[in-house]
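Across the two complexes that follow, chain A remains constant while its partner is chain B and subsequently chain C.
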Partner chain A sequence: MTMELSAGAAKRRGAGGWRWSGRIFLLLLLGFTVMPMIWMFITSLKTGFAAMQYPPQWWPAEPTLENYWRLIDPSGNVGRDFIQYFWNSIWVSTLTTILAVVVAVPAAYAFSRFRFPGRNFLFFAVLLRNMFPAVVFLVPLFILMKALGLVNTHGSLILTYLTFGLPLAIWLLKGFYDNIPVQLEQAARIDGATRFQAFFLIVMPLSTPGIIATSIYSFIGAWNEYIYAYTFLTRHDQMTLPVGIQRFFSENATDWPGLMAATFMMSIPVVVLFLVLQRYFVRALTEGAVKH
Partner chain B sequence: MSTVPGQAIFRDVPEPRRIGLSQKVWNSRFDYLYVAPALIVMLIVIGYPIYYTIELSFFNTPASLALSAKQFNGLDNYVTILTSPVFWKVTWQTVLWTVLSTFFAFMIGLGAALALHREFAGRGVLRALLLIPWVVSAVAASYVWKWLYHSDFGAISAMLTQVGWIDKPINFIDNTNTSLYALIVVNVWKEFSFAMIMLMAGLQTVPDTLLRAAQVDGASPWQRFWHVTFPHLQGVSMVTLLLLAVQNFNSFIIPWIMTGGGPAGSSDIWITHIYQLAFGRQRWGVASAYAVILFIVMMVLGYFYVRALTKGDDARAAG
Partner chain C sequence: MAQVILKDVVKNYGDVYAVNHVSLTVEDGEFVALVGPSGCGKTTTLNLVAGLIPMSGGTINIGDRDVTDLDPKDRDIAMVFQNYALYPQKSVYKNLAFPLQMRKLPKEEIDKRVQAAAKTLDIVHLLERKPRELSGGQQQRVALGRALVREPRAFLMDEPLSNLDAKLRVQMRSEIKRFHQDLNATIIYVTHDQLEAVTMSDKMAVMNGGFLQQYDSPANVFANPVNMFVASFVGSPAMSLVPLTAASKDGKVVLQSPEGWEMPLSDANGRKALSAKSSKVVLGGRHSTITVHKSQVPGAVPGKVYTVEPTGDVTFAQVFVSGAVVNVSVAPTFQLRPDEPVFLEFDQDRMHLFDGETEMALKLA
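Coming up: the complex of A and B.
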């Protein structure tokens, strides 16, 4: 009896040790993760003078929201541009998302349900796109955009964002369709629905979570995109946030608090979107990779 | 499933045994309508650029990008690249960058996934917080870390000084010996959470009964992990490692914003190097040849990637 007890206690202590090292690891990791975000926020509350001190003020002696007011004040130079970048980002990301989902839904459905000749090759081609860096496409796309007169327009961005938005959207949505039982459509077909009706009236409503997840993905991808926007846009009034905020940065006299306030504002929409819809987001990502 | 009544309805035409390809294509003509829009978009923005990159790689194109004046120069661009010492330096740095970033992101992600697997108070909040770096734009991350690494006012140097580990601020990214590693830290920060969620999902597929059985038989936590959990994670680990490797190989934003590949090319990797060649020095032909070589490397990796992703896809196929 006593033997058993002490053995159990020892086992529990062993497991407890693992659990505690897990906790400590998570705590350190949490510090590593949030420290930059916190420092971003703290710096954004400083004046330019306060930021340039060593050792730094860990918490600003005189915290100020001035950097934020400057960004959202439409009467100032900085504010006018920042608001313009913000709207450009929203506009480009939203339109990209809508187009990607509209085009990807039927394609993903077809890849999930139909077996047509060339299906495997085409699906392979779609997935393969995810492998290639933007740079491989950059020079020819730049030439194409010049030829089409799309340089310095949002059209160039939306068109290219579809290149990375579509394959991902198709793959994510296909994962969802694969998990919707075919029997549902078969039942609908027996009841006289056409193949399109079965898709549109039965499968579409069931795949709403998938469509939401795919939309968030496309939106965040477009919102954070940098390299195409950096290459195709030179006019200030067309720029999206990731390229626009470079104006706060210059080798000699960087306005660090201003830059940090701008990056903070830029991060808010995606982080909020993500936190609210986290459930869908995580499920979609892992749906295709993990076979239950 | 094969005996479900009505399955035959899904085939528009009763299928004879041996049937010609053109007949098959014709029979599934309506299937193609579903994928057509996607394929057209992809053909314009993917097929055409790939073709054009290959073409440009055999030409000498003037800096002005005046295409009518481009001259065929055979394999010259390729020879230029492969005989340049910079190529091998950048390739080595790319390998270091990719391998180290992938390894550390994966290991930290695995640790976090295992630690978060068990239910405890605040687990959801913690998971969400740990995922933030992955959602935040790489541009924002690059600027914040550039500020943290700042050679005069950087918070990291200041912290290390206050703890007493160093006397004067360290120059992390303006130093040829440390720049690449300083950037790898940022990259790992940005990416470990991706490995974490993938592996957390993978852990849910490990049968609890097996783990409990192993525990009853007296297996230590380490043995349970190594003999029960780990084998179940192999599939998802493959996909995760491949995706991370591809993503790291293709990195641009972090090195470009933080150092621009410098100082003295010490943090240059393939992508930043190609970008610099094309849009910095207007050497379109050489840059395109680089892109083609990269393309070939990626095709090899891509083969494994797609194979890992589509495993079991056909088995799950429906009518």
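Coming up: the complex of A and C.
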């Protein structure tokens, strides 16, 4: 396999032009994805005046962390709200993730292992939700939440995010369980484990990468969600970050450096999560894809 | 070790019977092979004994206990799987220790037993490795070791050798046999390879279509197959079966072919042939009981050589006789050419006759 691959690589190298054009293409793509982030960071270091200058300053003449201090200073108005939004986001995303995993793990396991009446239909029904654009459900869900008295609560968001997150989590985890040979559980049960022990001691540890990948997906999904949070929440103390940071747009002017600092802060948890867990994440995606 | 008794065991999925009223007794210390083509119900039967799938009917006893409704963990059995089913995240040591930990043995006892099992199977040097770092043969040993540490009442083995290459398979075959002898273990061994069953087992249970066809020692199954399925399944090359018609002629019984030749039968065989439900009788013969002649001799039947396969010690050939393929063997010095006409003489004392309607072996009343 390795031999074949390197032979193939050598062949490609022979056609040298392709190799370079490929790299240039990748560089362009990278620039396209990374540039906005770099610009976001640079802008966040500028003063309000510097941010609006034309031609733009590629690097601020007087870089300042003032925008960040403002965000994390609990004594100021901006800081107090920002910290509140941040915790709201953490709380909603974390609870969504935990609930998604707690429900998806047994559901995915059941879909993978058991044959029960309506199994295929139910699995299809679970996925059906994700075949519609999220916004389709905005009004119906709002009416539902209102009826349930959940408008302006985090409960409305968590329930809504679960409707996106769960199907994906179940589907992803089912792929994982499908790839774990059933004989492992059978061996464990013969070796003296109950069904639950076989699951918790043998199958669960093997599906850790899947559970982590699922968690990241549902966390990011909840963390970045805007339209539902915007619709369901009107009270400032309830708002999550994507909605909350809108306050940087005011009627008269937009505080670009402040906004950029806030967005930068907002992307930190996701990036950290991703960096710490990326090896599981990659494994999850590849293992789910390849049958052994 | 203990006796295992299956009584009227049934497993059906709706109208499909994977295991159809199977009864058999595995004596204490016996090595029984469940053998048959794929889909015959042998693995399902083993899983029923293990308790991995619920039974539709019947009872299973292991030792003095009725285990029919017990969980696998309470049946006190060990199982070796075709894909070994080693726990990938655990080291070899922890794989071996797992069944003991589940039974809450003290740590020192676990260590003692793991070391002993590792020593028996010559895997002491592998104890710290993970299963994926082992070769197929080593994984196989670890799987055996995990079964062995617990001193269970019975060992269940599901095609444990079929993932190994040919050479290793032969080696592990004798090791498992040795393992059985040393431990005086009760073993139920599933295989689709009749040669494995014949060479390793004390008794073989031949299954087909969910039914137990025959349960006897390999020698008896080989010598006295109860029906055409068993006859053609056991033995390599397979027993050849030629459908013919029985008729009485001048006080003698003969087998007639549609082409018009006749083969006189001995008195005993004649009586067997006449006991068939109709005149349809199937002649069966193993290659070792058929003599090949280049010219007609009394009692021999005509055929045409189809293929010739020299193996060195012996040359196998397939001969068309009345539309059926008959496997024969000749000395390597005996020259045969494809399409050559030959005459086959069946040994009257060792030939088999089957009822053409029921496919059952014809026996003297």
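To be clear about the criterion, the second predicted complex is superposed on the first by the 256 of 292 C-alpha atoms of A that agree within 3 Å, B and C clash if a C-alpha of one lies under 4 Å from a C-alpha of the other, contacts with A are read in each partner's own complex, and residues count from 1 in each chain.
As a working rule, contacts are C-beta pairs under 8 Å (C-beta built on N, C-alpha and C of every residue); 3 or more make two chains touch, one makes a residue touch a chain.
Predicted, not measured: the structure shown is a model, and the values here were computed from it.
Enquirer: Touching A:65 in the superposition: chain B (first), chain C (second), both, neither?
Expert: So A:65 meets neither chain B nor chain C here.
Enquirer: Once chain A of both complexes is superposed, is A:206 in touch with chain B (first), chain C (second), both, or neither?
Expert: So A:206 only meets chain C here.
Enquirer: Looking only at contacts as defined up top, I'd like to know whether chain B or chain C touches more of chain A.
Expert: Of chain B and chain C, more residues of chain A lie in contact with B.
Enquirer: Given the touch rule stated above, what does A:148 touch, chain B (first), chain C (second), both, or neither?
Expert: In the superposition, A:148 touches no partner, neither chain B nor chain C.
Enquirer: After superposition on the shared chain, which partner residues are touched by A:192: those of chain B (first), chain C (second), both, or neither?
Expert: Once the two structures are laid over each other on A, A:192 reaches chain C alone.
Enquirer: A:184 contacts which: chain B (first), chain C (second), both, neither?
Expert: second
Enquirer: Which partner does A:28 contact after superposing on A: first (chain B), second (chain C), both, neither?
Expert: neither
Enquirer: Could you tell me if A:256 is touching chain B, chain C, both of them or neither one (first, second, both, neither)?
Expert: first
Enquirer: On the A-aligned overlay, A:133 touches which partner chain: chain B = first, chain C = second, or both, or neither?
Expert: In the superposition, A:133 contacts chain B only.
Enquirer: Applying the touch criterion given at the start, work out whether A:159 contacts chain B, chain C, both or neither, answering first, second, both or neither.
Expert: first
Enquirer: Could you list which residues of chain A make contact with chain B in one structure and with chain C in the other?
Expert: 183, 186-187, 189-190
Enquirer: Within their complex, state which residues of chain A touch chain B.
Expert: So the residues of chain A in touch with chain B come to 14-15, 18-19, 22-23, 25-26, 29-30, 32-34, 36-37, 39-40, 43, 51-56, 102-104, 106-107, 109-118, 120, 122-141, 143-144, 146, 159-160, 162-163, 166-167, 170-171, 178, 182-183, 186-187, 189-190, 195, 220, 223-224, 226-227, 231, 242, 245, 249, 256, 259-260, 263-264, 266-267, 270-271, 274-275, 278, 282, 285-286, 288-292.
Enquirer: Inside the complex, what are the residues of chain B that reach chain A?
Expert: Listed in rising order, the residues of chain B that touch chain A are 1, 4-7, 9-10, 21, 24-25, 28, 30-35, 37-39, 41-42, 44-46, 48-53, 56, 65, 67, 108, 111-112, 114-116, 118, 126, 128-133, 135-141, 143-145, 147-148, 150, 152-153, 155, 158, 161-162, 169, 189, 192-193, 197-198, 200-202, 204-205, 220-221, 235-236, 239-240, 246, 249-250, 252-253, 271, 274-275, 278-279, 284, 287-288, 291, 294-295, 298-299, 301-302, 305-306, 309-312, 314, 316-319.
Enquirer: Inside the complex, what are the residues of chain C that reach chain A?
Expert: It comes out as residues 47, 50-52, 71-73, 75, 77-79, 81-83, 85, 87-89, 98-99, 102-103, 146, 150, 156.
Enquirer: Report the residues of chain A in contact with chain C in the complex, numbered from low to high.
Expert: Per the touch definition, chain A meets chain C at residues 181, 183-184, 186-194, 197, 202, 205-206.
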